[in-house]
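In the part that follows, the structures are each spelled out as structure tokens.
In what comes next, chain A is part of two complexes: it sits with chain B in the first one and with chain C in the second one.
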Partner chain A sequence: MKTILAALALTTALTLPCVALARPVTLTTTLKDFGGGGAYLAIYVTDAKGAYAGTLWMAGGKARYYEHLADWYRATGGNTAEINGITGASVGSGRTLEISLDLADALFDAGYTVHVDAAVEDMRDSPNDIAVPLTTAGAGKSFPGRRYVASLAYGL
Partner chain B sequence: MIRRFHRWPGLTALALLTLLALSGAALSVFPAADRLGSPQANPAASVAEVAARVQAAIPGVEQIRRSPSGRITAYWFDNGTPGSAIVDPATGQAVGSADPNRVERWLTTLHRSLFLDDTGRLVSAAGAAAMLLLSVSGILLVARRAGGWRRWLSPLRGPLAGRIHVELARGAVLGLLLSSVTALWMTASTFGLLPDQPAWSSPSRAVPAEPRSRPCPCWPPRRSTTCAS
Partner chain C sequence: MKKTFAILLASTALAFGAGIPAWSAMHGAGLSTVGTDRDGLVRLADDDDHGDDDRGRSVRNGDDGDHHGDDDDDDDGREDDHGNGGSVIVNPAPAEAVAPPANGLFGSGAGPTVKVN
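Right after this comes the complex of A and B.
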């Protein structure tokens, strides 16, 4: 009984702050009308030093094409354990991908940046198509992308 | 017995094979058009000369590729924005968009997956397998009808429709065998059954590295719902 209580106290102490200090975020990525097949998108976060922190979403199911998401692939080594349970279909030309997730407060206003790498079959790869710093002031704003991403916005 | 292997695949796959044949015939025009429409390199020019010209015209050039049609494409970054274009090897200047033609893309998707993604790829592959079976059984039937392998190309007797069918098939069967075998090969490649490279023709720059550690014990974030519309 004592061990169970102790274990419970320990796990609660570890998990509770995270739950309490996280906020629901909706990340909306709208693609341009580029006219090709479905775009593969890797949505990931880097820290203030530019080092890879973690992946938020992978749109596109075939792992053999992930190397075309060059910056994500370089950071993760293409390790599919990074995207277990967070993959979905590739996103068509002109379509919108909306992800709802709980992001830790510690990620905001601390130099963390959301990146999207994009790739389309037989078209130019676009690593780091968009990079948006995570700030509370930037919430709700729409940021323009470079080649395939028309805009990215995160709502708190 | 052989006749059955010719009749039933032929009847069941008729509509599918007609669709695949028409879309394939339309697609076959594009590589020829590519060859005629893109500026060809002077055979005497060295790779270094062409690369230097492209480098001078496009300072941020990252990669230059030559396709089997002789088309030369340059890939570059301009302040982080990726770009690509067909270049004229004589001047190094960009002369046109490197993105695939929309009609060609639409036909390609129809031809290889019938707009049904992996399900459609399997259906198309089944069509190719039916074509292979029809070709092989047809070769055997012609030998039987003509009275032996040595007379495989001899003149035919019998009803006109049957004669026309065999005459056309004699001319087409090698191409049909090649088409169906390469179709099955490409399907096997797409589904990762062959030890080859990914089929996307755009170049990849990725160099794998070790994953880094997580910044926060709260990673990964909890996801509630996702939807793509």
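Right after this comes the complex of A and C.
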């Protein structure tokens, strides 16, 4: 019995750190009332050196329009393999997009930044409409965008 | 004693088996390399018209005057880009159709869930 308890304690001690490697995060992107059609949004992350690290979500499913998300397109070459399984519909004017995901712990307080590129039909493209550093101190705060994004916030 | 070692070995193996995928997903993926190779991409129907007016979309930029001559919606996931030497553009697989990319950002390996209000 003691042996089994010892083994269980060891297993728990080894497993718990792995469970703590990610945390549930909700990213809330609110768009302005720009009056146009659905906005394409590329939500992606760069590291402390500004290099592209990966995409969190692509709102808009037609690859032929991705070149209008200029910064994302430049970083990825428009490679749709980057967004397989994380693509959904474009977001309408004035709507709010809520993304819930388990984000790796290592992204916080390590110089990582979440960016949103936006593009709207027949309107000006807005690469890097908003860029927000990922920090525990920044959680719950609302950051304003430049053109189509009214605000971006992330909750931990 | 042998029994003790066997149990310890089994529990350690289980712990590593559970932890290594999460660890390697975070630290092994690193930066994605930029590539243009589209071989092997999953082709799925395009379902981008849920409640959003995307029909006949022609995203034009006031700066460069880029025009898309073909505004037809293709629902088979493949689009012919006539402005690019006839090359075929493959749309990405939608959420929940396939697993998210292993880019090290998703700690649990599960994809995001999305709601639009």
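Here, the second predicted complex is superposed on the first by the 137 of 156 C-alpha atoms of A that agree within 3 Å, B and C clash if a C-alpha of one lies under 4 Å from a C-alpha of the other, contacts with A are read in each partner's own complex, and residues count from 1 in each chain.
Methods note: a residue touches a chain if its C-beta (ideal position, glycine included) is under 8 Å from a C-beta of that chain, and two chains touch if they have at least 3 such contacts.
Since we're looking at a predicted model, the values are computed, not measured.
Once the two complexes are laid over each other on the shared chain, residue contacts for A:Asn128 go to chain B alone; chain C is not touched. Within the superposed three-chain model, A:Leu97 lies in touch with chain B and with chain C [touch as defined at top]. After overlaying the two complexes on the shared chain, residue contacts for A:Thr76 are found with chain B and with chain C alike.
In the superposed model, A:Thr87 makes contact with chain C only, not with chain B. In the superposition on chain A, contact is made by A:Gly60 with chain C only, not with chain B.
Residue contacts after overlaying the shared chain place A:Leu107 against chain B and chain C alike.
Residues 14, 17-18, 21-22, 37, 47, 51-57, 64-65, 67-68, 75-79, 82, 86, 88-89, 91, 95-104, 106-107, 119-125 of chain A are contacted both by chain B in one complex and by chain C in the other. Note for the complex: chain A touches chain B at residues 14, 17-18, 21-22, 24-25, 34-37, 47, 51-57, 59, 64-65, 67-70, 73-79, 82, 86, 88-89, 91, 95-104, 106-107, 112, 119-129, 146-147. Listing the residues of chain B that touch chain A in their complex gives 75, 80-84, 98-100, 102, 105, 109, 192, 198, 200-212, 214-229. Of all residues in chain C, only 3-4, 7-8, 10-12, 14-16, 18-19, 22-23, 25-27, 29, 31-32, 34-38, 41-42, 46-54, 57-63, 66, 68, 73, 79, 81, 89-101, 103-108, 110-117 touch chain A in the complex they form. Chain contact summary for the complex, chain A toward chain C: residues 3-4, 6-8, 10-11, 14-15, 17-18, 21-23, 37-38, 40, 45, 47, 51-58, 60-65, 67-68, 75-92, 95-107, 119-125.
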